[in-house]
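All remarks here apply to the structure that follows.
As written, the chains take the letters A, B, C and D, and residue 1 is the first residue of each chain.
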Amino acid sequence: MKRIRVGILGATGAVGQRFIALLTDHPWFEITALAASERSAGLPYREACTWRLTADCPPAVAEMIVQPCQPGLDCEIVFSALPGEMAREVEEEMAAAGYGVLSNASAHRMDPDVPLLIPEVNPDHLRLVPIQQRRRGWGKGFIVTDPNCSTVGLTLALKPLHDAFGVRRVIVTTMQALSGAGYPGVPSLDSLDNVIPYIRGEEEKMIQEPRKLLGTLAADGESVLPAEIAISPACNRVSTRDGHMETVSVELVHKPSIAEVIEAFRHFESLPYKLGCPSAVEPTLIVREEPDRPQTVRDRDAGRGMAVTIGRVRPCEVFDIKFVLLSHNTIRGAAGGAILNAELMVAQGMIG
Amino acid sequence: MKRIRVGILGATGAVGQRFIALLTDHPWFEITALAASERSAGLPYREACTWRLTADCPPAVAEMIVQPCQPGLDCEIVFSALPGEMAREVEEEMAAAGYGVLSNASAHRMDPDVPLLIPEVNPDHLRLVPIQQRRRGWGKGFIVTDPNCSTVGLTLALKPLHDAFGVRRVIVTTMQALSGAGYPGVPSLDSLDNVIPYIRGEEEKMIQEPRKLLGTLAADGESVLPAEIAISPACNRVSTRDGHMETVSVELVHKPSIAEVIEAFRHFESLPYKLGCPSAVEPTLIVREEPDRPQTVRDRDAGRGMAVTIGRVRPCEVFDIKFVLLSHNTIRGAAGGAILNAELMVAQGMIG
Amino acid sequence: MKRIRVGILGATGAVGQRFIALLTDHPWFEITALAASERSAGLPYREACTWRLTADCPPAVAEMIVQPCQPGLDCEIVFSALPGEMAREVEEEMAAAGYGVLSNASAHRMDPDVPLLIPEVNPDHLRLVPIQQRRRGWGKGFIVTDPNCSTVGLTLALKPLHDAFGVRRVIVTTMQALSGAGYPGVPSLDSLDNVIPYIRGEEEKMIQEPRKLLGTLAADGESVLPAEIAISPACNRVSTRDGHMETVSVELVHKPSIAEVIEAFRHFESLPYKLGCPSAVEPTLIVREEPDRPQTVRDRDAGRGMAVTIGRVRPCEVFDIKFVLLSHNTIRGAAGGAILNAELMVAQGMIG
Amino acid sequence: MKRIRVGILGATGAVGQRFIALLTDHPWFEITALAASERSAGLPYREACTWRLTADCPPAVAEMIVQPCQPGLDCEIVFSALPGEMAREVEEEMAAAGYGVLSNASAHRMDPDVPLLIPEVNPDHLRLVPIQQRRRGWGKGFIVTDPNCSTVGLTLALKPLHDAFGVRRVIVTTMQALSGAGYPGVPSLDSLDNVIPYIRGEEEKMIQEPRKLLGTLAADGESVLPAEIAISPACNRVSTRDGHMETVSVELVHKPSIAEVIEAFRHFESLPYKLGCPSAVEPTLIVREEPDRPQTVRDRDAGRGMAVTIGRVRPCEVFDIKFVLLSHNTIRGAAGGAILNAELMVAQGMIG
């Protein structure tokens, strides 16, 4: 099978590097274009970028010439790791020029005709793509987004509960890793021996995004009716490298036993896994029974960083159930999530 | 004024050392006895103990001979930093022998006739002391306890809310410091780059203790009717040295504005401060308005470790209000709390 | 090819777990016996052990029954991760019973007839094995040891310098990872925001072991004449999980240019790699040219944890050259080193 | 006594804040001017600065209006916390305008007519001040500098050794705190679980500065003849907040016993302490005998951050002696050092 040519927008940043690492040796995709800011354009990637991941940058990629973030890239689809302010305009320009844009940026997530997608949660929302193309007059170009790194783990855990028991209210506290702030990100004097109980813009995303992700397509198929779930988040930065831990209390419509809740988590099915998407894992939700798991350093890489680990499922003294979850913020919560979105679209014949 | 002679039970441990540091140069108290396990008894303190606080052990204390934890200590009251399993029996034995026991242990906290005391919250619960002495036939001996380190900050913050608006339901997530586990406590391989979402026995205490602390004396004055507040805690260990951070969502009976909530925090009055207790501070509750405060490393020592710092007071999407609080776990949450309890009893003529 | 059956002594500890992880799916070895203290014997491994590595314990291993550390194990060779005090006796007993013992313990390292082995450095020292067997009357049993975790990186770096230019004096400061102290090891209150400038017994090993490793077999082949190198170490514990960083100043007999030193590092040849040993890597010594590399978190896994990364090769203002090196203390410096020793012996027909 | 009016150049940065904290309630000095970059000039200090120290900014200072870094400040002397590139020009301009400049910047440290001063080490170097004033035509203005944060602890420890035994060669490895890089400084992703074996420009300073500090005034009194000591440093950044730890091996001309070395450290006399300088402490050098001290978190505040703690004094296998030392980098190694310099000049009648 011939691999699909892909480009990366914002290739020199932290998420851009993670895209490169995950796409190297990918069975379906081949990196054929790297794009970044004007400052980097024209340089070989190895000069444009200070590589920060543990494994070295693949030599073939290191020699590629960085291009500007605009149409003209030699590829079919682009993964966007652009910062918020740039993403809105550039992504639309690329889509208008016929590129499929798989975006990790927040700019378009809440646009009514743009799918905010987790393949295991709401694959049917991809039906917005033709609507979007028609409305915006985009030919074969499109924009599909993945959720914020703190949203994705929560939403994956809520999905089987919502389907089986109906989720009504959620109170969630996050303990988020330093890599979520990018590089240079959080100064070490702010992280050592410290908790910062605030991450700008994060709580707003956690309130809105799960409602769209768990929502249903409107009757006319042209937008998503958000799920009627009230979510109250409190977001904190703690001193961990990768992996967002979240404590979650949930009020449900129907009142299951704890065993039934665990059952629901364990039987959660993954459409992308069934379709053979290379980045999908099984199980998507790992339920641990030890009282002190998941732990950030021990469980964040579960399922190659694409699984969500759930622990301490127990009754809540105020709502119905509570538990703790952990997901990898730069894999499942960023680059890996966008790649899985692209894989689902390939598997469903929408790309390639 | 002649200082009151005090002893310390469990003097060699982490909390015992903190008692020594806080009692050195105390205007009302004088350390005249140190007691610890059989293994330490008979040794000079400096040999019995590996001192772990930053400031050096006071030389006079270092030369004192450690005694066994039993009656015969040359003092009027004892501060107890005994581990749970030993505390029940030894504290009762000391009280029966006529010592006032100010305990930091959990053993007797929920006994109906034992005050669980925060001087700014429930000073009237000291009326249980004569009941206790009568029932148990203890003469002038008694046991008064302070709450768990994760409870005290939460309860101090809830108190003015409960008085003004009525607290109905609380969901709280803690991010607790390593020193809460004592020494050696948490292995470094479990703390570096990690969050552990579990602390044994902690959530049980957070469910029960605030209800007793915020409760009212029964009509017959012989026990406490717990406040009817449902509390759902999720306790986590993070990589900080001192200072417990807590995110709190609260449902109230009456519905105040955010300004009224802040007002209630700021007008919270401290009886022990009015009475001139040396460890009391004003304000007890510090409300910060910066979006990213309190922070563990910057705010834990506020009010010499006896204040509680509150931040991010805002509406809750699910309940009525939410906020974050920070309190020093080994000062306000342990040794300092027990000393303040003793100071209140002195100020009210119950000791000395 | 039929795999060689191996056992692990001290299988439940930190190094024992690392042995299991590295031996799982090993092409030449198959774990057929696990042994640990009396307390664990008789239990399934999953019950006897609190597994602490990131990747889960292999299910087949988890179900194996732990046996006592004594002859009777169903295997040909044993890897020993026994603590110092037990290792001396048990390893001798096993060797006497005909087992090949590949030890990571320090007990026998300096015995005149026991090879202290790094396959890339002194493979000829294996000629001590028949001497040892003859002297001790051990039949086919033997003991071969690997060096201390802080020694191995230093010695690998010194080897090509000693061969090419003659090493005379070395001053070395280590910044060692927490995992070197095992589990529970260093308390978190001693590691957070701290450096401890002392590791018991470590400096003594760094003074002696490289001299034996770089020494030559005596004319009669019955012992090793230590290299005449004076080494002054200063060992420190810093707050990193894995990876020992070392700054090294070296006085040489001959005076090479910096380019010649780098050349010597880069041309260092690995006999075990040439012989196809599965754990050997090429290059063994990685020389980085960036001014700020190696870094612990970025480079410790280089060469699957079996390479040593060297950086900042430059003139020394006092001696001739100085540089910094990093090696993985629980892979190259412990379990991986002992496995590579065994692989070399297989490749040379001394095992299997 | 009327207090001397002082200004702070670079008042909004990390060292500037430390100057403010140490000068608040200073018995001899009174802050009357704050200066910073054009961007901050005209604003109240509380708006110009993000205060990062634990104790809050003194309210009186918070309301002062920040001025530009140029003559016209209402004060007699200025403490300079300017960054390297700005310091050279501005400090000269201020001195030319008649201000005494006590600088923490590196710009003028190696100028032949500028004292590089540690009051306990080389107070006689202040005799360069009139030379400097005459040569540069500066009236009563002058520049006096303090050494780099990694130099000061080393030089204080070497001084009594050099006086008593003659220091010939030194090999030193530093483990330096994050605050040495200022704010935002080191990104948390570069510090967590990491050692960076490189600090730009640091080793050059450690090679040169101690030679000037331990040097002697030339016969004509117009410059300093550097001490003939060879120093080889290796500088590392580790994950600690404050406090530079250094391992030191020293070759001496005369060969003392370890007891004599410790004696020399303990009898080290402090001229500024004798003269009653408020920031001077006694002893300046604290020798600890426990094998595992000093430790960064436990000893950095010794002597209010102005003492140097020395431990593990022992024979060196290569040179004569070795030891470890710890000094507080932002107090003794920056603001506190410059203030002590000013105090010495006051005590000697050169200021005020």
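Here is the rule we use: contacts are C-beta pairs under 8 Å (C-beta built on N, C-alpha and C of every residue); 3 or more make two chains touch, one makes a residue touch a chain.
Because the structure is predicted, anything quoted here is derived from the model rather than measured.
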Please give the intersection of the contact partners of subunit A with those of subunit B. C, D
If every chain is reduced to the average of its C-alpha atoms, which one ends up farthest from subunit C? B
Please compute the C-alpha centroid of subunit C, do the same for subunit D, then give the distance between them in whole Å. 42
Just the number, please: Cα centre separation of subunit A and subunit D in whole Å. 49
Roughly how far is subunit A from subunit C, centre to centre by C-alpha average, rounded to an integer in Å? 41
So which stretches of subunit D touch two or more other chains? 52, 190, 192-193, 239-241, 297-298
Touch graph across the chains, line, ring, star, complete or other? complete
In their shared complex, subunit D is touched by residues of subunit A numbered 52, 178-179, 183-193, 239-241
Along subunit D, where are the residues that touch subunit B in the complex? 52, 54, 192-193, 241, 297-298, 301
Subunit B residues touching subunit A - in the complex, by the definition given at the top: 169-171, 173, 175, 190, 192-198, 200, 207, 230-234, 236, 238-241, 245, 247, 249, 291-298, 311-312, 316-319, 322, 324
